[in-house]
Amino acid sequence: MTAATVQRARPSGFRISKRVLPYLLSLPALLVCIGILIPFLTSVVYSFQRYRLSQPWARQFNWGDNYISFFTDPKFWNTLQVSLLYAGITVVLELLLGLAIAMLLQKRSTLNNFISIMLLMPLMTAPALAALMWKLMTNPGFGVLSYLASLIGLQDFRWASSPSTALLTVVLVDIWVYTPFIMILLLAGLRSLPTQPFEAAALDGVPRSFVFFRITLPMLMPYILTATLFRLLDSIQQFDIIYAMTQGGPGDTLTVFQVEAYLNFFQSTNVGRSAALMIILWAITYFLSNIFIKNWLRLRERARGQA
Amino acid sequence: MYEKEKDLIDAFMRGQVDRRGLIRGLGALGLAAGTAGTLLNFGQTRALAADFDWQSHKGKTIKLLLNKHPYADAMIANLENFKQLTGMNVVYDVFPEDVYFDKVTAALSASSPEYDAFMTGAYMTWTYGPAGWITDLNEWIKDPAKTNPNYAWDDFLPGVRNSCAWNGKPGGELGSEDAKQWCIPWGFEQNNITYNHGMFEKAGVKVPGNMDELVAAAAKLTKDVGGGVYGIGVRGSRSWATIHPGFLSAYANFDQKDLNVSADGKLSAAMNTAESKAFHKQWVQMIQESGPKDWSTYTWYQVGTDLGAGASAMIFDADILGYFMNGGDNKMAGKLAFAGFKANPAAKAPTPNIWIWSLSMSNFSKDKDATWYFMQWASGPEHALFGATKMDFVNPVRQSVWKDDVFREKLNKSYPGYVEMFDASAPGASIKFTAQPLFFDLTTEWAATLQKMVAKEVPIDEGLDKLAESINGQLKEAGLG
Amino acid sequence: MEHTSLLERILRGIALTLVVIFFMFPIVWIFMMSFQTNETILRIPPQLVFEPTLANYTALITGKLMTAAGTLDIAFMRNLWNSVFLSVTSVAVALLLGVPAAYAFARHKFRGSEDIAFTLLSFRFAPALLVLLPLTLYFQKLGLANTYFGLIWVYQLICLPLILWIVRGYFEDIPADIEYAYRIGGHSWFATFRKIALPLAGPGIAAAGLLAFIFAWNNFVFALVLASADKQPVTVGALAFITSSGIQYGQISAAIVLSITPTLALALYAQRYLVEGLSLGAVKG
Amino acid sequence: MASLELKNVVKRYKSQTVLDDLSLTVADGETLVLFGPSGAGKTVLLRLVAGVIDPDEGKILIGGEDMTDVDAEFRGVGMAFQNFALFPHMTAFDNIASPLEARHSSKGVIKAGVESVAKLLKIDHVLSHKPRALSNGQKQRTALARALIGSPPLLLLDDPLRNVDAKLRFEMRLELPRLLHDRGATVIYVTQDYKEAMALGNRIAVMSQGVIRQLGTPEQIYREPANIEIARLFGDPTINLLDVKPARDAKGIYVGLSNVQVHLAGAFEAAVGRDCVIGLRPEALSFVGEATPGAFPVTVEAETPLNEKIVTLVRTVRGREILVSRPAGAPGQAEGKAHIAVDSKSALLFDHASGERIGANKVVNLRSGEAA
């Protein structure tokens, strides 16, 4: 009888091998992305060419010339510096602010949940349009923010139009748009932390700061890494906000990679240089995310080991 | 349907009724002016049909790429006539101006056969032409079999027409003998002064006649009008568009150039001369003293919006920007006036640099002959007149339109001083840039340098020397210098 | 944590109020602008009092825009529809492709799985332009230019890595034993995936989907480069209010309000999934 | 038939070998307990048998049929997990019913089946609850019911009593043997609790570090542990282990305890002159009069009751501590000086260096897993 049960359950006909299954599952996603890999490689080829759309006859391989020329090009170093500075400032500020807000909203309540969804609204505003609205709000004449600034004594605050405050202003818009992203991820993280260590610490009268730095932060680390990774990738590639606010100006204050590459392609139609810039940007993001992913995996392993 | 109206129009076509009589007559028949205009064009369309086989591409469809612009709107409003005339179908994509040229570049660089013709500026053809994306239109213009006899190529303002023709040699003179007609001018802008005469009166400022007066007037306006109003609006964003309007028009008036062309065709930077430095000093000073506070983000839109909303007392920008701001629901509508401007006291006349909205034919078009049918209609005298009189198709590029009484009367009535301004500056109006493929690189860098100077990050002399050095380097790198 | 002093509660309240003001003020301001004409928006100094008008919304919905230079036709509702269609379909496709892949990476440590997962994530590193420009050439040849199909494909650049990476975390957080138990009970891997893994990771998938939706919705450059005017999303469509005769701030504001509404409705509806769903696992270790 | 046979199974995770060339045969209807510390590879072995993980080498035969490459759902086994692994989104009823649903049984059959097994396990009143609402004991029974319901010929129970309280564990230890026996299924039972192992197993396989160290009946494991480690794992209180160096005199082989030569019965020839450890079960020691042969003096330090026994801690002359147990109710011993004697037949000798047991008793063939 028992044998019959086993017999009946035996597989018949086509069956997917256990070894092939995971490949089969990830294959469609991979294929879709491979389709995108081909143009990527094409761009790599472009980056090794002297290639201006307006001078098609002069198109030829110049191998590393596009890259080598960057070394002696102060504009490139400025771009690199501004991009890293921008990404660094926005990510750090958004992380701190996002964490603070998440901690304010940590307690589960209808009001807190409602506020957290409301705070997502900036994220739902397309950055390009958000920048446009901020531009209006910081207009020295009609802008409500300029008006408010003048009320608190900043009569002549020039926002995005002065080199000394342009970075600050654009960072402000970036913070406005993207802090909610970090906030929601960290809020989720905070709320999923086990309660016991905190209760124990509270009972033992452990100082709050100690709890925060020794318990909360380490346990939140994987969330922080994920949020930082996605933000960093977007931030170092920021285009919409900067382009809409200042087009990279004033002067060369905000000529980050994507703005430079965009202008190089669409205005100068210098495809070779544009592609080389983007490949370098890609290499930087690849390098940074590699570090992040390694740490992320390590932290996950550790968390898994503890469980 | 409109039998009586048609009779009246036919009478007009036969010369029995003059234009004003016609419009009055149609008005008496209870037709709105716009409808009258369309009907009038029906009549003209039928007249056109008499001399040329407009129907030879019947049934074909062409696709246009258009910028969201009054010119495009005027064309679309009149498009039914073209379809009737030719039996062709026309479809079109309209993109917002903010992204329009990026879309054009994306479509053309992909060799997309989707669009047969598209709107462009003359500067862009310096890229599109050498890139092989657009067609030399001489082949069609000069072929009587393909172009209708009423087209009147000579009717185009010569300076504007020539500005759209280039031989493709870096530094080559526009409109030279061997030039290729990369595009057909459609409408154009001269850069002059539009001012708020109420504010001028209040501050007791006269219309400035040269650069010194302009700087002084702007400063006085900023000081005396009050209410946060500043003296002069000019563009300042980090873009080529900052250089080409008022700035270059005034610059050119001092006989200054962007680039020098040597006898052997090599290009070199020309903006670090003593005269240029002196001019830059004045210009920068003017912005610092009397420009918008966030000048470095100013594009066409902000310059116009401020003028229309009464935040600025004058602008030195496209005349048609002033034109638009004098109408619609703008706060300052009807309160603006126009003036030609010659920056150089020694110059005889204004020398405005111009922007030309034009039509180009895509090299990837599958049926260029059919496309040309559309282009010759859209740039033809009938449509030009329709657009200028019934829609906001200013500034028209055809001399015949400027001579048209209805058009002049319309302008004089609602835009006092506009016609005079135009007449004064039109003779000197042309593209003041040197045609060459690095136009956008170099001009954007020029704008960035200007921003640095206004922000006092770099002294003017040093900034210009550095700019010249950088430009010379880029020209060499591209094999042009 | 429960025993908070009165002072602390007051400070928290103040901090939260400041946060809400900072993030909500621009939204409220935009909302107010959407009921004003350009004339009242462009007043110096800006003022709170105005006579509300529905003209902006009327213009958007009827597709007629009055400007200084006459009446313009706009296709905002069409743009809105495109945004909805592109975002929904792209997220659906990304879920269809990404969720099984995420499951494979979470459950089967097969050879090269980490590398493949990283590669998939790395598509998110590639600056969009880098891929987009050559892609126009290939799409032209493949006949994918100006098709929704092609666009949805490219949208996977935004949606797929996000979904893959977040959903993978959720799957990893489901104890493997639960799935083993179901399989040993006699169910196929597919039944296990459908009846156990999917429902358990459901909230997380919903949350990841919503985030992907937001990013797809905000995208701008893909459709612009790859498609014709009739397939443009609201982000491009809203730029139509920057007309040569002035920027129509009122209409742009109304456009932003309208463009936020569907996402906001979705977020409010999926509220508990979004906050609680994300906390189930995902991003954590 | 649902006999189980593992042939030379190897399982590695990364560079670590979790199961090393393991072979094992379980007869139809037999209950085999896998016993060993955590990390010994017991759970991995169960999962290999269940088919949710694959061996790197070797074969797995169920009912004589090669199942190595057969997916879990076709192996016809039932399994209960240590952490219960209930489906959190389903009610207890649906949890239990899931194996029947996989067979596309009719609703009526499923209902009847679930209710009967639920009644058997006394959880019929909580069938509509989700796991969240169940107590640990109820969860455990639900998990067990789910494993039992399809009447699988092979049952795999992974330490099912680990996560339940002591009272329930005690009850279940009494109930389970009958339950399993009634089913007639072949059972592999994993536990870390030696009493459970002793109570449930027809045979016990003691595992550590991926290898079966000893396989035998509970009696064999207890009386004849293969090494010190196993001797220490079985028995409560744990076995007394004292370093000794056996020697021989005319009366036979002896060891020195408290300066007294205690003679051992057994074939310990090989131990003579070597450093050894003697293993004395507490219950093999008893308090005796001073004159009893082999009695050695100790000092009674403390006495404590343990379950049904009383354990006495004594100290030898050389200061070594020994535990002595006697059944509760047996006469006690006052503190102070006393003498104890060894039931010499049950003394065990181990090699000091290797820990292997020394003696002529049956040798266990570890490779085949069968007693030779």
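Lettered A, B, C and D in written order, each chain numbered from 1.
Going forward, a residue touches a chain if its C-beta (ideal position, glycine included) is under 8 Å from a C-beta of that chain, and two chains touch if they have at least 3 such contacts.
Computed from a predicted model, the values in this text were never measured in an experiment.
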So which chain is the furthest away from subunit B, centre to centre on CA atoms? D
Which two chains have the greatest number of C-beta pairs in contact? A-C
Separation of the C-alpha centres, subunit A versus subunit B, in whole Å, is 41
On a C-alpha centroid basis, what's the spacing between subunit C and subunit D, in Å? 57
Per the centroid of Cα atoms for each chain, what is the distance between subunit B and subunit D, given in Å? 93
So the centre of each chain is just the mean of its C-alpha atoms; given that, what is the distance between subunit A and subunit C in Å? 14
Considering subunit B alone, which of its residues make contact with at least two other chains? 102, 106, 109, 228, 302, 309, 311
Multi-partner residues of subunit C (at least 2 other chains): 42-45, 133, 137, 186, 189, 239, 242, 247
Please set out, as single numbers or ranges, the residues of subunit A touching at least two other chains. 9, 141-142, 265, 271
Subunit C to subunit A touching residues, read off their complex: 1, 3, 12, 15-16, 19-20, 22-24, 26-27, 29-30, 41-46, 97-98, 100-101, 103-105, 107-108, 110, 113-114, 116, 118-135, 137-138, 153-154, 156-157, 160, 162, 164-166, 169, 172, 186, 189, 207, 211, 214, 217-218, 220-221, 234-235, 238-239, 242, 247, 249, 252-253, 255-256, 259-260, 263-264, 267-268, 271-272, 274-285
Subunit C-touching residues of subunit D, taken from the complex the two chains share: 47, 50-52, 71-73, 75-79, 81, 83, 85-89, 98-99, 102-103, 143, 146, 150, 156
Within their complex, subunit A touches subunit C through residues 9, 16, 19, 21-23, 25-26, 28-30, 32-33, 35-36, 38-40, 42-43, 46, 100-101, 104-105, 113-130, 132-134, 136-137, 141-144, 147, 150, 176, 179-181, 184-185, 187-192, 198, 202, 221-223, 226-227, 230, 233, 237, 239-240, 257-258, 261-262, 265, 271, 274-275, 278-279, 281-282, 285-286, 289-290, 293, 296-297, 299-304
Complex contacts: residues of subunit A adjacent to subunit B: 52-56, 58, 69, 135, 138-142, 156, 158-163, 166, 245-252, 263, 265-271
Touching residues (chain side subunit C, partner subunit B) in the complex: 37-39, 42-45, 66-70, 72-73, 133, 136-137, 139-140, 145-146, 224-226, 228-230, 232, 236-237, 239-247
